[in-house]
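Following are the structures in question.
Two complexes follow with chain A in common, the first pairing it with chain B and the second with chain C.
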Partner chain A sequence: MTNIVVLVKQVPDTNAKIVFNGESVDLSAVKMVTSPYDEFAIETALQHKESSGGTVTALTVGGSGADKILKDAKAMGVDNIVRVWGDGFETLDSNSFQSVLSGVLSELGADVVYCGKSSADLGSGSTGPGVAEKLGWASVSNIVSASFGDGLTVTAPADGGNAVVNVSLPAIISCDKGDLKPRKPNVRGIMMAKKAQVDVREASAPASTVTLVSQTPPPAKPAGKTYEGGQSAAEVAKLLRDEANVL
Partner chain B sequence: MSEVTVIAEITNGKLNPATAELVTAASALGGDVVVVVPCTDASVADAASAYSNVSRVVAAKSSVFANYDASGWAEAIDAVSPAGNLVFLASAQSKDLAARLASKRGISVVQDVVEISGNNLTSPIYSGKAFQTVAISTTAVISVRANVFSPSPSDGDASMSVVDATGNVKSAIKELIGRASERLDVAEANIIISGGRGMGSPDNFKHLEVIADTIGAAVGASRAAVDTWDDIPHSMQVGQTGKTVNPNLYIAVGISGAIQHLAGMRSSKYIVAINKDADAPIFQYADYGIVASWEDALPVLQSTFSEMF
Partner chain C sequence: MEKFEGLDFYDIESLLTEEEIMIRDMVRDYVDEEVIPHIEKACEDGVFLDKWRQDLGEMGVLGAPLKGYGCPGLSYVAYGLICQELERGDSGLRSFASVQGSLAMYPIWDFGSEEQKNHYLPKMASGEWVGCFGLTEPDYGSNPGGMVTKAEDMGDHYLLNGAKMWITNGTIADVAVVWAKLDGVIKGFIVEKGDEGFTAPEMKGKHSLKASVTSELVFQDCKIPKDRILPGVKGLRGPFSCLNNARYGISWGALGAAMACFHSAKTYTLSRIQFDHPIASYQLIQNKLAWMLREITKGQLLAYHLGKKKDDGTWFNEQISLAKMNNVDIALEIARMSRDMHGANGVLDEYPVMRHMANLESVKTYEGTHDIHNLILGRYITGIQAFTREA
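Entry: the complex of A and B
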């Protein structure tokens, strides 16, 4: 029986406009969703269970607002949903955040962990490999497919193409979009999710050494030049060489 | 003076020229710059000793570096790198490695840095819809976006030492699959020409390919194109659920500029937009906008490029 855990994160809808309140982003009016790559991780975790047997637990670090994405994962078919939270968790740096996650994963007794290749908010892609290092586990990032026959085999980008890699467990695998289509919840799944209880756990984190200074709109670009008609492409091509120096 | 370490970027067995940009970024953090070159053959590190503003080069020689394994590489690099800040290139592989190294040392990682000012580091967040500045109060690991910092000149003559490194590999390569096409991948290219649903059909991407071959570009696509046509693979997708790119030149053809797409390419140094709809949002981000159908503009672009190359 494989103990499979999938890490999920609640983020602003990727189609949302980001607005600012002073020097920080204001997400109060933004719809919050499961980070898109995490849906590929959930799908991969469910396929792993269907192939090898076991349980899938969806785990998030977040306040009570994040229960919604756990219920969404439940509706897709995960068995257990766990949320961990503690004092000051809004501002954890990568080291503190990964310490929290590695502690909970040890508690849960995970054999293999799936996560999205990066979150749609901070997008750093550090969580999978960072947590794996804390646990002394293997990790493969940005996989585009996985198979679960005799052990775990994944396909991930490598110099000049893709590498098919056998991974020793325990391991943390971060998922790119690949060819997977995350399943849609069925009616039964949605009903189960409504009744499901979130296993809420408290944790503490080591002090953060990286602190937030400001969040600002991206620097404005100077207005560009606009031309009418296909013939102007000749002039633009020359400007790319002579003015922009990029050719 | 304390040391700051650049981990050289190795691409296809060679020192990636972007390593010279990392030297500049490391100097901005402060400290004597050490360049650690992960390699199987120490001669790969020779080019690094020519970088200016480098105090010493360490060729970290190990069979571990023959194929990428996050755990083994992190262990080997950790063993040969001095204490202090570490600087990586923000490529997919090196970001992975940076995260592992930071975790191994019990410090934090700040990825995709585009600006360094004292202890303040700025990175794009929300796929470039916002910029976030953080302060590091102690040692950290950072990764730096390519094409942001100017490369350190190459009139230096730093001393080089060769050190044997080892690490425990936790994964085994079963098979390497080359790319189906010889064309560059969008994640690696300095010039990208992308098509959107405005191209009308996947067959018409051949017009983009001709131009790409002329100027040495990769061919990309918008999410709308990838979702609409099975012949356009996800590996070509630029945008929030595809690849985030910042090439020197990005040419968007028949792409309206949905927020998803802009998120993946707006940090490109120069953007050219070709679209018949003058109100398309992409024009707000273009350095050079051409209001025309691709059928009218691409043949002219191609023939002009052919004369230039």
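Entry: the complex of A and C
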């Protein structure tokens, strides 16, 4: 029976307005959601289970506020939900974060792990390959489809085309959007999620090797230009071609 | 238009359970992805998409507050939130769910035999079977007690004769709960699609609820097996108890339509430039937006508190009348105001406001007209009924 784990991360809603408080992002009033690429990972994990059997465990690193995304994953159909937290985890760097995940994945006895190709907040894309490196597992990144008939076969972009890869387990697979449409929860799933208990585990992490000094917002967009009337058409076309490079 | 993120000025979300929030968000996302992108075409074509029937069944929101027989047994607050989000998409979608759950499934659930419950409810909860509710007749709308549709006991079956009108889901229904007089007493009967002597032609030409099927039900010597009578109720209590549940859902649903109109008005007026400034920067527009927010917030508090009373079982009929009447009334006024604030653009299908406005004219009329609910409250206040000229 395949032990499938999917890594999920809580991030600010991608529609949320980000507020800066001094030198850092103020997330206190921001709605938190599952990182969108992680939803493709959940869908892939559930399809793997439906095709080959097994169990799917959603795993996140976070405080109690992250229970919500685990409940959301449960409502989509995962079997188990696990949250890991420990002292000093607020400031984990990627290296420490991957060490924590490696330890818990070993504890869980995972055969295959799915994650999003990158998170919607930091977007470093390092979790999948980083954890695979620590565990010495196979790793394929940015897959756009997967099949589970005769072993795990995934498709990932490569050199302008696609590479089809047979993957030996254990492995960590990071998921791009592809053609997948993550399933929506239904009332039955939500009611099961309400009753589900989050398996909370404590862990320790190696000290961070990098320190976040400050964050800055992106520069404000320059004011737009307005053109009216047919007499402007030639000039607009010229700007679209020469400045915007879209023609 | 920017994504709808909810309208919750008084932080009502803090009063909701985790389950209620998840269900609201599930339906909200569904409406954004599967209803709003297709609703204008559906209205233009005058159809209720069969996909919506399947999806609502798969989501598990049909017959939401009923327990057992394949129904989820959600709180009435959760049911209200479902109605709110569906009607934010379109009143036709909420009407489908109201009729299926409150008007067709509920009477079977409350007044049906065990066999009837087991036979009908699981397939109606899953959306496999569509239900409708036959009460109103061409000559008996606000006065349903005067109905002329009658059933006769023929020994081994009932014979149904008469006609019903303004029946949501009628033509697409597999199951109709029909109210008719048996020896002068109103009783409920389950009529199935294909029953001999039963037809359900669709009514055409509506300028409102265009993405909803509205039908006549015609019974001409329609033979009904004896086990299709609802054994648990007689008199107007039967249909009125169904209507109470539907009216409760409408009190939330209307807020959804109002929120959609508010959201569109806010977005439009912030982007529409006249006299070198967004029209939202002018006092007349801000006055309108503030009025909308005020009325929606009051309506939310009304609906939420009524929902808790429904869950506690401490409600009474007149409270539902007040909520239905008030929330539809303010929603319709908000829709009209929003249409006005969109200027000429407000009549286009690029914006949802005129569709909601036209829909709400029906919602104001069905499930007890605005005036009938006033009379219900008038009777409650004075102890004197004013429905008829008789004392």
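Everything that follows uses one rule, which is that the second predicted complex is superposed on the first by the 218 of 247 C-alpha atoms of A that agree within 3 Å, B and C clash if a C-alpha of one lies under 4 Å from a C-alpha of the other, contacts with A are read in each partner's own complex, and residues count from 1 in each chain.
Throughout what follows, contacts are C-beta pairs under 8 Å (C-beta built on N, C-alpha and C of every residue); 3 or more make two chains touch, one makes a residue touch a chain.
Note that this is a predicted model, so its numbers are computed, not measured.
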| item | value |
| --- | --- |
| First (chain B), second (chain C), both or neither touched by A:Arg241 | first |
| Chain B versus chain C as contact partner of A:Asn186, first or second or both or neither | second |
| Partner, of chain C and chain B, that touches more residues belonging to chain A | B |
| First (chain B), second (chain C), both or neither touched by A:Asp79 | neither |
| First, second, both or neither for A:Asn15, with chain B first and chain C second | both |
| Which superposed partner A:Asp199 touches (first chain B, second chain C, both, neither) | neither |
| Which of chain B and chain C A:Pro129 touches, first, second, both or neither | first |
| Contacts of A:Lys71 with chain B and chain C, given as first, second, both or neither | second |
| Chain C-contacting residues of chain A that also contact chain B | 15 |
| Chain B-touching residues of chain A, taken from the complex the two chains share | 12, 14-15, 17-18, 20, 25, 36-37, 93-96, 98, 120-134, 137-142, 153, 155, 157-168, 171, 177-179, 208-219, 221, 224-234, 236-241, 244, 246-247 |
| Chain B to chain A touching residues, read off their complex | 11-13, 67-68, 70-71, 74, 92, 95-100, 102-104, 106-112, 120, 123-138, 140, 170-179, 191, 215, 234, 237, 240-242, 244, 248-249, 259-260, 263, 266-267, 269-272, 274, 278, 283, 285-293, 295-301, 303-305, 308 |
| Chain A contact footprint on chain C (complex, rising order) | 2-3, 5, 17-19, 22-23, 26, 29-30, 58-61, 64, 72, 74 |
| Chain A residues touching chain C - in the complex, by the definition given at the top | 15, 31, 68, 71-72, 75, 184-188, 190-191, 193-194 |
